[in-house]
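By written order: A, B, C, D, E and F. Residues from 1 in each chain.
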Amino acid sequence: MTAKPFKRILLTGAAGGLGKVLRDRIKAWSEVVRLSDIADMGEARSGEELVQCDLSDKAAVLKLMEGVDAVLHFGGISTEAPFEAIMQANILGVANLYEAAHKHGVKRLVFASSNHAIGYYRTTDMLDANMPTRPDSMYGISKVFGEQMSRYYYDRFGLETVCIRIGSSFPQPANKRMMSTYLSYDDLTELLRCSLFAPRVGHTIVFGMSDNDSVWWDNRYAAHLGYRPKDSSSKFAHLFPDSAEFPEKDDITTIYQGGKFLLDGPMFK
Amino acid sequence: MTAKPFKRILLTGAAGGLGKVLRDRIKAWSEVVRLSDIADMGEARSGEELVQCDLSDKAAVLKLMEGVDAVLHFGGISTEAPFEAIMQANILGVANLYEAAHKHGVKRLVFASSNHAIGYYRTTDMLDANMPTRPDSMYGISKVFGEQMSRYYYDRFGLETVCIRIGSSFPQPANKRMMSTYLSYDDLTELLRCSLFAPRVGHTIVFGMSDNDSVWWDNRYAAHLGYRPKDSSSKFAHLFPDSAEFPEKDDITTIYQGGKFLLDGPMFK
Amino acid sequence: MTAKPFKRILLTGAAGGLGKVLRDRIKAWSEVVRLSDIADMGEARSGEELVQCDLSDKAAVLKLMEGVDAVLHFGGISTEAPFEAIMQANILGVANLYEAAHKHGVKRLVFASSNHAIGYYRTTDMLDANMPTRPDSMYGISKVFGEQMSRYYYDRFGLETVCIRIGSSFPQPANKRMMSTYLSYDDLTELLRCSLFAPRVGHTIVFGMSDNDSVWWDNRYAAHLGYRPKDSSSKFAHLFPDSAEFPEKDDITTIYQGGKFLLDGPMFK
Amino acid sequence: MTAKPFKRILLTGAAGGLGKVLRDRIKAWSEVVRLSDIADMGEARSGEELVQCDLSDKAAVLKLMEGVDAVLHFGGISTEAPFEAIMQANILGVANLYEAAHKHGVKRLVFASSNHAIGYYRTTDMLDANMPTRPDSMYGISKVFGEQMSRYYYDRFGLETVCIRIGSSFPQPANKRMMSTYLSYDDLTELLRCSLFAPRVGHTIVFGMSDNDSVWWDNRYAAHLGYRPKDSSSKFAHLFPDSAEFPEKDDITTIYQGGKFLLDGPMFK
Amino acid sequence: MTAKPFKRILLTGAAGGLGKVLRDRIKAWSEVVRLSDIADMGEARSGEELVQCDLSDKAAVLKLMEGVDAVLHFGGISTEAPFEAIMQANILGVANLYEAAHKHGVKRLVFASSNHAIGYYRTTDMLDANMPTRPDSMYGISKVFGEQMSRYYYDRFGLETVCIRIGSSFPQPANKRMMSTYLSYDDLTELLRCSLFAPRVGHTIVFGMSDNDSVWWDNRYAAHLGYRPKDSSSKFAHLFPDSAEFPEKDDITTIYQGGKFLLDGPMFK
Amino acid sequence: MTAKPFKRILLTGAAGGLGKVLRDRIKAWSEVVRLSDIADMGEARSGEELVQCDLSDKAAVLKLMEGVDAVLHFGGISTEAPFEAIMQANILGVANLYEAAHKHGVKRLVFASSNHAIGYYRTTDMLDANMPTRPDSMYGISKVFGEQMSRYYYDRFGLETVCIRIGSSFPQPANKRMMSTYLSYDDLTELLRCSLFAPRVGHTIVFGMSDNDSVWWDNRYAAHLGYRPKDSSSKFAHLFPDSAEFPEKDDITTIYQGGKFLLDGPMFK
């Protein structure tokens, strides 16, 4: 039997939506998978270690990182929320995570960033990873923060990170906007695999999307990863038949890439 | 039976080469198709309204637009011609068309622009939609004019247009140049469909070409349209076997993307 | 006594605002100055030829061009107006002018274009001459048309033109916006001199502005002209003292570079 | 006597190095100057209001903003420090500040950002404001955070900010690196004036430097501000005579724009 | 029987690794194939002419070119070597070749350039053909020289060249780096065909790679060639299973695109 | 008395046109100035060492470099010449020079490159240092070679070079073209000073021109050098009065930046 490439991968946010999806899918890559979340994660299965952990607890995070050789960081808050909560989970949490990873000599991380880091671009814009960020929410700002923290740890210490600006990773698109941002679970898994095993990634920002017909993002600066999506939102085209009911010209949920996220935030109710 | 998305699409230039091709192909999208041309269009078929109209007649165009909710503008002169004729058909015609569309609250147009808007680039150049235009003829200048008129109506009133810089939309390429510019009728139809039904297009310029091997144009700024050509000129490769009879180095019909159009104009005989 | 460089310069629009300013200033460059306008230009002075001419009259324009070796084209309509009037004066007029210039072997023109060719950019944008035009009016569209016509005559026949996108050439800025767009008469004259006498200009687009403090335009692609403005709007700074009365965030006359031009047009009353 | 443009400008960080410099210089612009700092600011002088305030205290900041019509934000930590401290002062502090400014209808802020937001670029690189940030410290990351927060408040609410990436604003350059980053107090003051009174600034990022000979930063995207530095570090050239004692090729304090800041951080001792 | 397009193609370097591969593959394109090398090439087969020739011998090269209508230049030294040897074979050799081709009226060449012309870019960089070269060896410098010589002959005389920056053209990738640079023999052959028969190529630089998953190079400026690779290194993925043995962060053979070439040169032993 | 910064600067090409100009001007920077040329340099003056040396002689160059801590490389052929001569002096010479400099631990070189490295750009083009080179002669190709050799020695060994693409450094412009390319002797000297004493230059390419009115080159990527020209060709404007004698449209000596150099080469007689 072949040894698995990693000794111990840490997956944070293991009780979250994508965390549950990934829990089994990443087992092939690591002898042990350490799962972490602030919430309950159920029973440990074979090859798993469960560590309940609040990422804003510096000491706990330092301990969490012991013996880890790669990190998939999906932890923290994944929707709009009051800034103080975002700050604890997504800002202090990420700072603790990187300091711990650095101290323990982790060589590579994958950071689950988000399209909401650039949600204030228009749906008629074409972006690449070098264009200025334009976050659409407190959540989006915290994702830019994470990208910058990882940039720093690479420039300062050579700690490599792939930041995936995840589009919409759900079983299927829930509206027409997600036809452009859809990322299938299989493609997400493949993108994680590429991010973990490419010989060198430095600090790479990649847009997490499947091979959709209508796209807003150009992954040219992540071409070294070798990511080739196999799925496309086109298989769900029948859910959104051609329609001439155009949105109003000032409807910001279709003007901007961030969609209705721009309106959902509790800060603005 | 499902209702069709549009109530009434107006197709101008219905008696022209592409107009005839499109006449039946667009029926699926609209309860009624209003066809217009300065020339005779034959008998009205089921679901059609025929309106003979000179686009340079402002009042007639205003009337033509009544009850229309989308426009496919293929009308006007489509070859090089004396400027006065071009001006009436393609300049005054387009101005009338946009003013009428605005007054009647039309939400979206597709404007049949042309590769001759950029025909003075070289056949070794790679263009995108943001590069300066370089028209190769009076006809090409009139197409740039139309692109600008539509740009204005979008910036000023939010009236959306997709400008398609059509390459060579014929049954098959007539010469080696058209191997690069070929646009099959099926791909043209699909591009029209994408242009009409994308949730938001703003003011988009797209190069109308099939998935040819040799290309000069990059559609990155129209990627939100979701257009994916299905055809390629490669199926006609046998018509133009490999040949070492290179054109002379000063043969402008192969130096420039506009091809022999640069020489054909009646203004320069 | 030294001979003057040109035999006969044609200045169109000689009865207009800038035409009157330039009438004496250009005499040093040409043995004879031919002045033309659709309106009355008064008495011919020494070294002048006066030719009243409607630029939309092709035959008259052809005759107007006889014996001319350079053209300063300031003719046509210089404010927003109904499209039909714009078309006659600024579109047909320019087409006639270029065809006549070509037929008579004129080697160089200066075309008075306008900042209204790009008036829909924001006052916080930085433009250069290669960025897409965004006209703010029928007038602005006609100026883009002129730029394209001159581009064509250069690509096709080698007829050189400098297009000057004139900002605000008045005795002094009339509002704060013009602090950015101000072009003094002396600087305009110097820019004309550079445009006429640079050894080679090809087809050059230059923004016509003085050395103002706040600017929106970068003349890097016209650096070969050697134009160095001597004046600055800063000498009028006292007319517009520092004020905290910021415009509303949706006030389009300060959002967009075109200023109140966007609202003035008779088409939209 | 002329009224001053603003009713009440808030200057945060008034007890800091630059705060003390600015305290008197900004009086001409505002009827009342409200000064704030976490440290003691001494006695209030004529036209001043002193409010000691911890920016991480949301309620206190909300109160601090009452009656304010513009903000110069120089508060927070201005050197490298442990992340937790940076987070309270520069991250939570900025979030509180923007939320308060928004709630009180403030129209414009100036945010004292820093060259340490881009300190990991090389001293042979030429930057503009659209290039990706590369922070060189926890402090630098917090400055990027502030730039993003202000970007969001502009995109979401139209609240305008000028972010000044201050170079080295001291009486004189302390080493050769500062010959490139020097910003005189007079030029800083003028840049603040431009930032406060430009008719429209949207969200502008400007590099804060004098007219130095050797520069790394191009302010083309802030040209609308009208900032023209009057000073230059060249007057201090005699302090750093020509020397052939080149730094070692791996000396990161001269390789990178951030200088010795990269080594000073307490986090890395 | 159909005539072949060329009368006589010259293949230099015919005894080298790729020369042997191409010897039979190019026969379809030319009545006669003239093969040349400094080393012995064995027996002439049908349709072949063998000419042993030292490319640094100007007179011999002039004679070699007699009757040739196209050249595939694969001759010279193809590994790192002392500069004097490189200079004779790859610098003087190329100068002789171009002068001879010009004198004999050859219309088109294909120059076997190399990825080592840009080997000092990082393996996380995305290049296009317009970016500055960064050679990684004396060999790489000689390839840049050849690209420049061909650029000159095109600008000066209209002699067309396609420069192929060949990645790794071997039966299969020998290491993980070559998964990105792999060019199958079939794809190389197809790229030669495109280069020889495209109607116009001017001076084109193209990266020679198959349709690999992980890539560093964007061939957008060579899209007019119509080259579409059929193979991919992905079929060899099993040879390099996913591994977490990341290279050290200062391991220049994985930092830079040139790979171990950077260390192999005899100049630096 | 203050010590001079360098112990021993080597100036090659000391008997050439610019060598003679610089001989005295560089004395302030170095205790000893070693002068070298293939031609006779007359008597050694105080502080000088004269070493007659053929740069194509590797051993001689190695010896020439002993004890040198900086190099100003003005040696070699400075006009168009047969390739074999260019190769010995400018290609082998430069290779020998860099290998010797590397072996002796020289830290910085200034390489006299030339505008002829980019002479095939048009006189209406605006260049920066990152655009592809387009040499106009064998001489120009050899200058690109030198730039590449120095690029390599920096990437490989950290040996710093400033490449100065010298325009026209003569007492005064000899024709109108030189009004754009003029570099006064004082400005050349200042540019050398900046190049030698900037704390870090890496591999910098700078266009050597004075502060002329009409320019084709943008030195933005060399702004770290701190070079500010004091002179301008405008003081010679009276030598070339305004003239309407435009060159023919196919006159390559005014179309291209390289000027009559394109025609002068002995290779093409």
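Everything that follows uses one rule, which is that a contact is a pair of C-beta atoms (placed from the backbone, for glycine too) under 8 Å apart; a residue touches a chain by one contact, two chains touch by 3 or more.
All figures in this text were calculated on a predicted structure; none of them were measured in a lab.
S.K.: Using the contact definition stated above, find the chains touching both chain C and chain E.
M.R.: In this structure, the chains that contact chain E and also chain C are B, F.
S.K.: Which neighbours do chain A and chain C have in common?
M.R.: B, D
S.K.: Any idea if chain A and chain E meet via the same residues, over half in common, or different ones?
M.R.: different
S.K.: Pick from B-C, E-F or A-E: which interface has over half of its contact pairs in common with A-B?
M.R.: Selected pair, repeating A-B: A-E.
S.K.: Centroid from C-alpha atoms only, then distance chain C to chain F, rounded to Å. What do you get?
M.R.: Centre-to-centre distance between chain C and chain F: 41 Å.
S.K.: Provide the C-alpha centroid distance between chain A and chain D, rounded to the nearest whole angstrom.
M.R.: 32
S.K.: For chain C, what residues touch not just one other chain but two or more?
M.R.: As it turns out, chain C has no residue touching two or more other chains.
S.K.: Would you mind giving me the full set of chain pairs in touch?
M.R.: Every pair of chains in contact is listed here: A-B, A-D, A-E, B-C, B-E, C-D, C-F, D-F, E-F.
S.K.: Using the touch definition from the top, list the residues of chain A that touch chain E in their complex.
M.R.: 2, 5-7, 29, 69-70, 107-108, 158, 160, 193, 196-202, 204, 220-221, 223-228
S.K.: Over in the complex, which chain B residues touch chain E? Could you list them?
M.R.: Residues of chain B touching chain E: 122-124, 126, 176-177, 179-180, 212-216, 218, 241-244, 246-247, 249, 254-255.
S.K.: For chain D, which residues are in contact with chain A within the complex?
M.R.: Residues 83-84, 87, 91-92, 95, 99, 120, 130-138, 140-141, 144-145, 148-149, 151-152, 155-156, 262, 267-268.
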